[in-house]
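Both of the next two complexes hold subunit A, though its partner changes from subunit B to subunit C.
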Partner chain A sequence: MKVTLSRQCFSAALARTSGIADRKSSMQILSNVLVSTEGDDRVRFAATDLSLSAEGLFPARVDKDGAVTLPARTLHDVVKNMPDGPITLNVDGDAVEVTAGRTRFRLLSLPADDFPTIPDAAEVSFFDVKEKHLAGMIDRCAYSISSDETRPHINGALFQGDGKILRMVTTDGHRLSKVECRVQESGFYNFNMVIPQKGILEIRRLLGDSEDTVSIGSLDGSVFLKRKVEVEKATDDQPAVTADVCLSSKLIETEFPPYDQVIPKQQEKRMIVPRGKLLDALKRVSIVSSDRTLGVKFVLSEGAVEIVTDNPSIGGSSDVVDVSYDGADMEIGFNAKYFIDVLSVLNDEEVAVELSGDLDPAVVKDTAGEFVGVVMPMRI
Partner chain B sequence: MTGDWQRIILHADMDAFFAAVEQLDRPELRGRPVVIGSRSPRSVVSTCSYEARVFGVRSAMPMTRALTLCPHADVVEPRMKRYAEVSSVIMEVFDRFSPLVEPLSIDEAFIDMSGATRIFGPPRQMAGSLRQAVKEATGGLTVSVGVASTKFVAKVASDMNKPDGVTVVAPDEVTGFLWPLPVSRIWGVGPKAQAQLESLGMRRIGDVAVRPRTELAQRFGVHGEQIWLLANGIDEREVEAEYEAKSVGREFTLEEDVRGRPAIIPHLLRSADAIARSLRRSNMTAGAVRVKLKTADFRLLTRQGGLPRPTSSAPELMAVALSLLDRFDLSCAFRLVGMTAFALAPLPPQEDLFLPAEVRRQRKLDGAVDRVLEKFGDGALWRGCDLPRGNGDDK
Partner chain C sequence: MGKIHVLSRVVADQIAAGEVVERPASVVKELLENSIDAGATSIQVDIDGGGVGRVRVLDNGEGLSAEDAVAAFGRHATSKIADIDDLSRIDSYGFRGEALPSIASVSKIRVDTRTRDQVAGTRLVIEGGDMRETRETGCPTGTDFEVTDLFYNVPARRKFLKQASTEGTHCVEAVIRMALVCPAVGFRILVNGRRVRELPSVDDPLSRVRDLFAAESLAKAEGNEDGVRVQAVLGAPDRARAGAGSLYTYVNGRFVRDRALLRAVTAAFGGTLEQGRYPVGFIRVEVPPAACDVNVHPQKTEVRFADPRTVFRAVTHVIGTMAARSPWTGAISAPVPPADGVREEAMSYASGRSFFSPPASTPIRAPRPFRPDPTTAAPEPSPSTTATGGAPRFPTGVLQGVSAGRFSAMHYIGQGAGTYLLLEDGPDLVIMDQHAAHERVTYENLRAQLQEGRVRSQRLLVPHPVDLGPAEADRIMEFQDDLSRLGLDVERAGADRVAIHGIPAEAAGASPDRLLAEMIIALEQGRDGSRGEGDDRVIATIACHSSVRAGRSMAPREVQALLSLMDGVDFAGHCPHGRPVLARIPWVEIGRRVGRGSP
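And now, the complex of A and B:
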C-alpha cells in the first residue's frame, strides 16, 4: 500500500479518529488507527474502543491499494510535526514508512485483518438536523448526566424524536434536565435512544454552531452521526476540500427512568429571578459552605430571595437577590452546585424558579419554554 | 478484692457458643457431646460442647480424630446465619451495660464499665448481672466473664473459670494472677516466640516480668517490649466501640401471652413506630430489621432481613418484619414481641428524584406526625389498631 495526503488532510483525519483509539485497552490493536485505501482517490481512517467508533474518508492519491494499522497517537504526533507539503505512507512488510520531503519515519504496524469491524452505516436510515440545534441541546443537558458507570440506565442521555420535536433528557438521580427543540426541517421524527455519556461528548466534539445539517440514525443498538467536515479552506484556485466523517456509539440497552413522572406539572410558588445575579450570589455564598454537601439555604420572602450558608468549621455567608415573587415565605435547602450548574447552561436574562414544599423538587424554566431543569432539595 | 480500679474492663466470652446454640435450639442435643463441623474427611472441629470436651475433643481438631475419641458424638453442620442472629442479641445485651463495647468476634467482646459501680455495683456484681442478662435474653446461653483493669488481664481471666464462670482480678492481684501462668498466655506469643523465650529460661510470665525491659527490647525489638509490658500487667489499650449506636430496638414483654399472627402484628407495629421515630429524631436510617419473639417457655427466636432501601419509616420497617414473621413457627404462645433496626447510617441530606410516590407521601406523613408528637406529646396521636380493643380481636 502506498498513499499520499496533504499534511492538513492527514492531520485532520487523525484529529477526528485518534482520540477514540483506546490507549488503555489490553488489546493493543485498539490503540491503533486503521488506514485503508478506498478507490484511487480516497483513504479511510478508522478507530474504535469497541463502544465508540469513528471513521472518515479523506482525499488522497492512491498509488497502491492496501490496509494497515498504526499506533494512533504516535502517528498523529508524527504527522503534526512533519514539514508542510504532501506526506507519503508506504507499507514495507511489517513496517510502514512515513515520509515528507527529507523527513522519514519507520513505524511498526499491526495487520489490518486483526482490526475489529466498525459498525456499518450503509443500511442506516438517517434524518437531518441543524448542527447548532443538536449542539445547543447537548450543551444544556450534558451537565446532569450521571457519571456513575454502575448505573448504566442514567449514565447517558435520552434522545427522542417525537414528531416535529427533538428531545433530550439527562439525570443523575438528584437533578434532571430536559430540553426540547422544535425543528423546521422537513421530516418527521420517531425514535428513542439512550446514548452513553462518552458518545454524547464525542458527538458534541463533532458539532459546530452553524446552520449546516448533520445526519443521525440508529441501527442494531448503535447510533450514527454523519457529517461533512472542511479539511482545507477554499482558495482562489480551488474549492474547499471536504471529507465525510461518521461517528458511531453503542446505545445503552437498559430503559431510561420515567422522567416525565418526576417533573412537577403544577408548582405552588413561582419566582422570576435575574439569572446572572442569582448565579453570582450562589457562587459567592457557597465559598464557605461545607465542602462535602455544598448546602445553601434559599430564604424566600416577597420580592427577594436570600441565599444563606452556615458552616460550623469556617463561618457563614449570605447574599440577597431581588426577584419577582409574591408567594408565601419559605425556606428550602439545595446543593449550591446543582443550582449553579443549571443556571450556567442557560443564557436568558431571567429564568423562572418554581417551588412547592421544602422536600419537593424545584423547577427551573427558560423564557423560550424549551428547557426544564429539576433540582431536588437538601435537608439543611 | 481491693486495689484502685482506674478502669473496669469486662471480657465476656460465650461458652462453646455454636454448640450451645444448637443445644438451645434442639433440646434433644442437651447433655450430649455435640461437635460442630461437617462429616467430610478433611473437616475440622469448629466448636464442641463441654460434654464432648470430656472425651478430649477440642476446636480445630480433625473431625476424624474427634470421632475416634468420641464416636457417639452428634456432628452438627454449622448454621452461621443463626449464630449471627444470636450474636446480635448478645451484643445488644452488652450495649445495655455500656456504650463502650468492642466485639472481638461473633461470641466475645470487651465491655468498658469504668465508673459504672454506682449503677451496677462492684465488679463481681457487674459480671453477675451481665451473665444473668445474657442468659435471659438468649433463653439459657452461658457466658464466662473476666474482669480486670486492662484488656489483657480481663481476657486471660475470662478463660480461667470456663464454662459459666467469673474471674475478677483486682489491680493489686495482677502479678499474683499472671506470673504463675505460662508465657504462651501472653498476647502475641506464639509457638515460635514461646520456644525462644523458654530457651532463655523464661517459662512463666513472671520469668519475663522480672527481666530488665531493655533485655526483651534488645532481643525481640518492639514486640519484646510489648511482651514485657503485658507480663507486668501494663496494657494501656482502650476499649474501642465501633459506632455510637449500632441498632435501635423496642420490645414488649406482654401482660398476657399472645398466639398467632394477628395478635403479634400490633405489637410489632408499636415497635416499628417507636424505632422509626427514634431514627428520624437522630437523622439516621436503618438498612435491616430483626424480629424477636420469646416463647412462653422462654425460648428466644429471632429472624432478620435487609430493607430494599435505607429508611426511617415505620411502614417500610414493618413490610420486612411481616415477611420475617412467615419464617417463624407461630403456633406456640409468646410472652415477648420486639423489633430491632440495625445497619444504621446517617440520613443523606440530599433528596432523591426517583423515589416511589408512596415513599415520598409516607415521608411527608412522618414529618407531620413527628411535628404533632413534638408539640403535643407522645400521647397526642396513636394508630387505630392501638385503641383499647373490645371484641375486635381479629382485626
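And now, the complex of A and C:
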C-alpha cells in the first residue's frame, strides 16, 4: 500500500479519528487507527473503542491499494511534526514508513484484518438537521445526564423526533431537562433513541453553530452522524477541500423513564427572574464554600427573592434579586449548583421559575418555550 | 357419625383460655393451621384492606361434610383430640376446637367446603356467630374460607388495630411463618388483589428459605442429638440483622418465640455474631410431643421444654458445627451478580413496571463482604463502621500537630495509587488517604447540620421504591422520624415496600437503598446507647457513602477544594481513636533510605 496526502489533510483525518481510539484498552488494536485505500483518490481513516466509532474519507493519491492499522496517537504526533507538503505512507510487508521530503519515520503496525468491523452507515436512512439546532439542544441538556453507571437507563440523553419536533431529555434523578426544537427541515421520520453520554459529547465535538446541515440516522442499535468537514480552505486557484466524516455510537438499549410524569403540569407560583442577575447572585453566595452540595434558600416575597446561605460549618451570606412575583411568601431550599447549572445553559434575559410547595419540584422555563428544567429542592 | 365431637368440660378447661383472635393476622394463622391439618397441598391466601376487610383462605384439603361444617363452629368442637391423653401428644396444629367459633363471633364468614366423596358442597354464612345460611353449593374438594369485616361488632377492638398496611404486613408474615415450615405446600399470597408472593411446593426447607430470602447466601445444617432433631437454614453471620425478626424458629412445626433457642444460636456462632444480631433463616427443632408443652400461650407461640438443656445443647452443636465450616460463600449461596442486576433492570422497564429507579428488588441488608472470622481477617479500612459495635472510629489523633489552616498551604505533588494524595509540608512528605480525608470533612459537615436541627435532604425526582423482606417494612417505618431528621425521607408504599423520597444531600450520589439499609443498621446498633451516639453512627455511615472512593483519580482542582475544606475542620474534636487520615515521612528519612545521609 502506498498513499500520499497533504499534511493538512492527513492531520485533519487523524484529528477526527484518533481521539476515539482507546489508548487504555487492553485490546491493543483499539488504540490503532485503520488506514485503507478507497478507489484511487481517497483514503479511509477509522477508529473505534467498540461503543463509539469514527471514520472519514479523505482525498489522497493512491499509488498502491491496501490497508493497515497504526498506533493512532503516535501517528498523529508524527504527522503534526512533519514539514509542510505531501506526506507518503508506504507499507511493504511488515515495514511501514511515513515520509515527507527527507524526513522519514518507521512505525509498528498491526494487521488490518484484526481491526473490528465498525457499524456500517451504508444502509442507514439519514435525515438532515442544522448543526446549530442539534448543538443547541445538547448544550442545554448535557449537564443533567446521570454519570451514575449503575443506572444505565439514564446514563444518556433521550433523543426523539416526530416529524415536526426534535426533543432531547436528560435526567440524573435530582433534576431533569427537556429541550424541544421545531425544525423546518423536513423528511425525518419518527424516532426514539437513548444516546450514551460519551456519544453525546463526541457528537457535540463534531458540531459547530452554523446554518450547515448534518445528517443523522440510526440502525441496529447505533446512531450515526454524518457531515462534510473542510480540511483545506479555498484558495484563489483551488476550491476548498472537504472530507466526509461519520461518527457512530452504540445506543442505550434500556428504555428511558417516562419523563413526562415528572414534569409538573400546573404550578401554584410563578416568578419571572432576570437570569443573569440570579446566576451572579448564586455564584457569589457559592464562593463561601467549595462544597459540592451547598444549600441555598430562596426566600420569596412580592417583587424580590432573597438568596440565603447559612452553612453551619462555613458561614453565611445573602443577596437580593428583584423579580416579578406577586404570589404568597415562601421559602424553598436548593443545591446551589443545580440552579447554577440550569441557569448557565440558557441565554435568555429572563426566565420563569415556577414553584408549588417547598418539597415539590421547581420548574425553570425559557422565553421561547423550548426548554423546561425541573430541579428538586433540598430540605434545609 | 361425623368426625367432630364436643370436648368434655375438664379437657376444655385445661386448654389455655384467652383470646384467639387478636388481629387479622391471627385469623390468617388459625385458618392456615386448619388447612394444613386438613392435608392441603396448595393454599391461596387473599388479604384485602389489611385483613380487616377480608381474609380468604382457599385450600385443597380434605374438606368438611355438611354436618361437620356446622359442628365446627361449636365451642370446643374439634376432630383432632378426644381426651386428656391426646392433649399430651398433639401432632396437629389445632387441638382446642376454639378457633372457628372465636373468629365467627367477631366477623362475617362464608365457607364453601366439600369432601372428596360428596357430590355437592356446603355453603355456610355466619354473621357475628349466628348461622344465616346453610345450603348446598357446587365447589371443588377442599375449603374456601372467607372472613370479612373483622371486629365489625366490637368497635373497641377495631380501635386497637394499626393502619391497614401494617395489619396487612402482619397477615403476610403469618403466611410466611407457616410457609417456611411447610415447604411441600404451595402458597400464593394476594394483597388487595395483587399477587405478592408465589411459593411453589418444594421438597426441602432450603429451597423454601431461598425463595423467601433470594438475596441471601444460605447454608443448611441438620442433626439429631439425644432425641432432639435440629434442622437449620441460615444466612451468613456477617449479614445478620439486628434483632431476631428475620430468624424464624419452630418447635415441632410450630412457630415459636423462645429466648433459649435464640441464646443457643448466639452461642453456636460464638464471636462471629455481633451482639443482638441474628442471621436470617429458619430453625426447626423436633422433640417428642411429650417432651414439650405447647399449650402455654393462647396463640401457641410459646413452648415449655421438659428438658431445656438437652435442646440447647443439640441446637448449639448442630448450628455450631455448621458455623465452624462457615459454608456461606460456597455452593448453595444464590447471590445476584451485578451484571444480572443490570439486565433485570432493562427487562422491568420494557415491561413498564418501574420508573426512574431500578426495579425495587433490592433487599435491605448490610453490603459488607462476608468475613468468617473477624480476628484473623484484615479489617476493611473504612473508618465508618466498626466490627465490634463500639462508637464510630474517626481519625483524629494522628492529625495532632497539624494546626487548622495548614492543609491548603501544603504543596500538592500528585496522586499515588489512585488513593493517596502526596503533599509536601516543610520538612515532611505527607501521604493523605483521600477517602478518609473526605469522609472526615463530610462527617463534620453533617454534624454541624444536625446541630442546627436536621441533616439536609435532597428530594428525588421520583421516589425510589425498595422491596423488603418479610416484616422489614415495619421495622423501617419505626425509624421514620429518626431517618428524616438524618436526611432520609421514607414513606410506606405497600405491605412490604417503602419509597425513599429524599436522601442526605451530602450523599446525593449514593444508591438510596444501600444508604437506607446501612442507616437502619446504624440506628439499630445505636438504639441502646444515647441518641447522640446513634446519630453519630448514622452520620458516619452517610459520610462514608458520600465520600470520594479510594481508587478514583482526583483533578488538582478537586484536591485543592478538599484541602481547603479540611482547613475548616476542627480536628481536635471528639472521637480520639481511629484510623489515621495521613502519614508523615520526613524527607531526611527518605534521604537515609536512598543512602544520601543528611542533606
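The criterion applied here is as follows: the second predicted complex is superposed on the first by the 375 of 380 C-alpha atoms of A that agree within 3 Å, B and C clash if a C-alpha of one lies under 4 Å from a C-alpha of the other, contacts with A are read in each partner's own complex, and residues count from 1 in each chain.
The rule we apply is simple: a contact is a pair of C-beta atoms (placed from the backbone, for glycine too) under 8 Å apart; a residue touches a chain by one contact, two chains touch by 3 or more.
Fair warning: this is a prediction, and the values are worked out from it, not measured in the lab.
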| said: Let's test your reading of the overlay: on subunit A, do subunit B and subunit C clash or fit side by side? | reply: clash
| task | Give one of first, second, both or neither to describe whether A:P152 is in contact with subunit B, with subunit C, with both, or with none. | result | second
| task | Go through the superposed model and pick first if A:A112 touches only subunit B, second if only subunit C, both, or neither. | result | neither
| query | A:T254 contacts which: subunit B (first), subunit C (second), both, neither? | reply | second
| request: State whether A:I87 touches subunit B only (first), subunit C only (second), both chains, or neither. | output: neither
| said: Output check: A:T293 vs subunit B and subunit C. Expected answer is one of first, second, both, neither. What do you get? | reply: both
| query | Looking at subunit A, does subunit C or subunit B touch more of its residues? | reply | C
| Region of subunit C that runs into subunit B when the structures are aligned on their shared chain, from 205-213, 421-429 or 529-537 | 529-537
| Residues of subunit A contacting subunit B in one complex and subunit C in the other | 171, 173-176, 257, 261-262, 293, 295, 333, 335, 359, 361, 374, 376-380
| message | Under the definition above, what is the set of subunit A residues touching subunit B in their complex? | response | 171, 173-176, 257, 261-262, 293, 295, 333, 335, 357, 359, 361, 374, 376-380
| Hey, which residues of subunit B end up touching subunit A in the complex? | 347, 349-354, 357, 360, 363-364, 367
| query | Given the complex with subunit C, which residues does subunit A contribute to the contact? | reply | 148, 150-154, 171, 173-176, 253-255, 257-258, 261-262, 290-291, 293, 295, 311-314, 333, 335, 359, 361, 374, 376-380
| said: Residue numbers of subunit C touching subunit A in their complex, please. | reply: 342, 345-346, 349-350, 355-358, 444-445, 448-449, 451-452, 454, 456-462, 487, 489, 501-502, 505-506, 508-509, 511, 560-561, 564-565, 568-569
